[in-house]
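For reference, the structures are reproduced in the following blocks.
Shared chain: chain A. Partners: chain B in the first complex, chain C in the second.
Moving on to the complex of A and B:
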């Protein structure tokens, strides 16, 4: 069915919480350590291959990479950063779903009050918001698919929720 | 054309292509309408099998089948027929389906007919029994008056009323259908898909705004569907089709038919109920029956139209009295003639269309009673030319008939319309079409905060000045002609789009020309005078659904109800599911007259959501059944499931409560789990505990200010119990904090308080102490935690951990070590909430299950038992460890709880709550103290929450009431270890009363006595913990 929505996940990745007081050398240091450019525009994310870096707040980011990379990346960050910062391994804390297909946006709209229309939520945007009765970090990717990153403890609930939300036959009855 | 009434001039507009037979025998016309005659449908109404067509509503099909009475009225049990053709219908309220599928209180005028539809007049049978019994004895303000009478009288009445009240019957089972919700954002939301709404949507969509157009009917077109009008050279419906096709092709336009905007809230948030499968009959499980659309719009364009307003006259509730617009809609849209001999009662030109359409359909127009002395509009001229008799300055004052209208009394009006100028006379007819004017559908505008304003010229309430980004267009704005609606709609759409950032406010859309008949001024009557006063005349109904009469409103005015809001509540005017869409304005006019004031002065009641009733299913959406709430699961959840755990909800977490084996009771399971922890080894899933990683050069300084205790000098690798206080010195949270490095700590919080504590830390860092370099990261979800508790904990852990020295000397109580457990990186805390030797093993969530299994396997030779939260509670209560939120209630200080040792005064900066601890009230001698209670009867377990009073003395065998409350029980269990009941309590001056016997009176009248003891029942020296 060409209209069908594909739901993948929950998937585990290496996740690092980065909190750092912005300083002029921060973007370069982060880019060197992670190989991803530091997003400084609110609610955006950058990707490089399988790595991602999400803006969560003026001094807070989430770095993702394939599972297993957490220790090496943490070490790289800790040696590259200067000043006041905190790097924490939160690989166990986050699980990631992926929604793809032309009607994936409708699944998001059933779940969250945010505006996901391309005019408001172009690829490269991300937002932390209410999702069903939990919370999630939702990111729009260049291929038009979406990542829904959620706390591990909510993954069972959200997997059931997303399966139900994606269930509806795309053609109206 | 033109059978039944002499020769008629051909009307200017194109009409039905084939002429009807001269003497119609059925109410269904042989041709015309928007029904699909190739698709007949069978349905049942009150058990009778009937037929209709695809495209019918239940109401049109009932009319076509000759059904006059569709319900009996709420209070008086009078026969009621269909009055309207849409949302305004007050009478034709039916229940659909049966059993679990039963849907009560549906308006037959809005129910699309489908094969096999089963409809029942909801209140019919029950009301028959009570009708008459109540009629004379339930005046306006019935409830008010009865509540002022003796209470016993009300109780008698209540029993009777409860049986009779209500309109429908509830479903007999759980709702088998599914519902969901969809969020929308748009630049312009257009409510109403009539000519004005369509024009507005087109104007906005053509400048590329994101547009949503919602309409409650099954097809767009609104009033155009029921009137044979032309736009340009073609029938109006062709223009509608073209416009909808254009909008459908817009990628940024959303069209929602069968969707009612029922709530308009702050920030231009509008809720819309879409009926997706109701018209199909059978539903499929994956297609939601109804969908609640939650629309946030930059601009809302209200094109909600207007509802025709009938004048009030005696017996106006007789079946066969209808709105003129409804008579026309049934005729033109559904090809149903609602009767044979029509009497039109109006005070405006517009309604003459109904008489002309009726005549054109070959039916007999008995006469027109026009309230005006000399109406001179084009339509009036057409009617006169057609030979229709017009009684000028006349009103219908009473409908005559038993089961249905058989005639009407009409009489000439005095100049002011308040009295009759001559005696009435009777006309024979079976259908009275009424139009006294129009009521714009201002409900949504009123919900959005705009106070309606009375328009003296149009004699109608119009939307007031908007308090949100709202524009109004078309009939809701008082634009009553088609040309005006199209122009107004286009302008409003363009204006709204411009305000949302699109286009230049000039519509890129010119309404095609519409031929309009020039209309003369209208003369609304609101209520027709009668030869008798209202109180003596046959009932003149204002609100059909709740049986409110003109006499009721006049009575309310006489009894002092001057405010329209009070009069509404006193009489129940507009209280029904129809929100008084037909009668409200007449009611206001009658009240105004009774009070001797104007309508503008009297005002109208505020409308509230919902515009029309909404199903609870739609409000719940998918948040039902197993998705009712967001459950949080630990990484070991599946293991607990497989082990048959009974669950306890802790916040949103599912925690194992206990693990019953075979047919064990909870008590037996807890006894076994406690024994295992105290004698051998037991394991608890403690993953839910809140965990916050704190990093930064000022971490220790920050924690010193947040915690009542001191953390500056805590050694790396050591842990300390900490209390967080609020500014007022009361306990906010507690937990163990560990120093992982010089500049890094890990904080434990209570399970339910994890988010609140993190927010608390951020609040103080960001608003009060931004100079401190410290960051917090929640790691609650990152770690899976297994607490190994029991004398054999060390032996078990040693089997799966070889890189941490677990000896007492190398790894003392209250310290933390890093290493590997079962080959996975682990952080092990030697902390204890059970009073036993305990290691809390923390691994990343994805390693949790494997490590848990490895620990279970390692513990097997030692008889390891998983234990749940109930055992955890018993073990900690035996040790007197508090649970914040259970033993404390937000008013307790550390001293109250005997935790003064965890407070360190005199720190360089102090700590939150420090100074408040010196408040005189916090130092009162008679404060509640945390104590233990040992019941005199060792087997008697006190209920938690039990109140404590002084023990009764022998002298006062019968204790006086009330007895002063001295405290209450906060935790209470049976302790398997001690073989007796134990309890923790807050007791006035408790610490000074050790050894005293107190008493707990229980709800069942028993009194349980207990001795006040120290709040620690087991291993007071802590030898086991430190083992």
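Moving on to the complex of A and C:
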């Protein structure tokens, strides 16, 4: 099926919570440690290869990387950052889904009040919002696919929800 | 359903993402031990509950998880401004 929706996950990634008041040296320090540019515009994220960095609030970001990288990235952040900050390994708290295909947007529309039209939700945008009566962080990627990052305790439920929401245009077997 | 402009996210978001956190700008008494029961009770339990302009705290619970100030008309539900906690509200 050419318009099939591909659903992957839930997948465990390395996830680090970064809390720091923005200051002039912060973007360079984070970029040095993670190899990803710090998103300072609200509701945006940056990616570099398999790594992602998501704006969660004016002094809060979520860094993601393939599972296993958490200790090295945490150490890199701790040695690069100065001043008052907090870096916490929250890998166990989050699970990631990926939705791809030309009709993935319709699956999102069934699940959340946010506007996912490409005019409103360009690649690079990320929102934390209500999602299928749970909550999730939804990010639009450059290839037109979406990452849905949710609490681990919601992951089983959301997997089932997303499967049913994509039934109208399922992935080919 | 209201749309509330979150001053941290910088955009209007659905009311579903927010929770209401009561009247804003209620100052905790400097020295609660010096208050009599009536004054302490007033601080804890009594709110202005106006018909019209009302300064409120809201929490962007499903979004950026920050508290924000909202000026809302309790009769029309019209929200005339929102601003960050700690910023001064404009006079109305």
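The criterion applied here is as follows: the second predicted complex is superposed on the first by the 168 of 173 C-alpha atoms of A that agree within 3 Å, B and C clash if a C-alpha of one lies under 4 Å from a C-alpha of the other, contacts with A are read in each partner's own complex, and residues count from 1 in each chain.
Just so we're on the same page, contacts are C-beta pairs under 8 Å (C-beta built on N, C-alpha and C of every residue); 3 or more make two chains touch, one makes a residue touch a chain.
All of these numbers come straight from a predicted model, not from anything done at the bench.
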Touching partner for A:85 - first (chain B), second (chain C), both, neither: first
Contacts of A:113 with chain B and chain C, given as first, second, both or neither: both
Which of chain B and chain C A:156 touches, first, second, both or neither: first
Partner chain in contact with A:94 - chain B first, chain C second, else both or neither: first
Chain C versus chain B, contacts on chain A by residue: B
Touched partner set for A:103, first chain B, second chain C, both or neither: neither
Touching partner for A:128 - first (chain B), second (chain C), both, neither: second
Partner chain(s) touched by A:58 [first = chain B, second = chain C, both, neither]: second
Touched partner set for A:165, first chain B, second chain C, both or neither: first
Doubly contacted residues of chain A, that is, touched by chain B and again by chain C: 113-114
Residue ranges of chain B touching chain A (in the complex, touch as defined): 180-185, 210, 276-277, 280, 284, 286-288, 294, 296, 622-623, 626-627, 629-635, 637, 653, 693, 695-697, 773, 775-784, 844-848
Interface residues, chain A side, partner chain C - complex: 42-43, 56-58, 60, 113-114, 127-130, 135
Interfacial residue positions of chain C with respect to chain A in the complex: 1, 8-11, 13-14, 16-17, 62-66
Contacting residues of chain A [partner chain B, same complex]: 12, 17, 19, 21, 59, 67, 84-94, 106, 109-110, 112-115, 117, 119-120, 132-134, 151-158, 160-161, 164-165, 167-169, 172-173
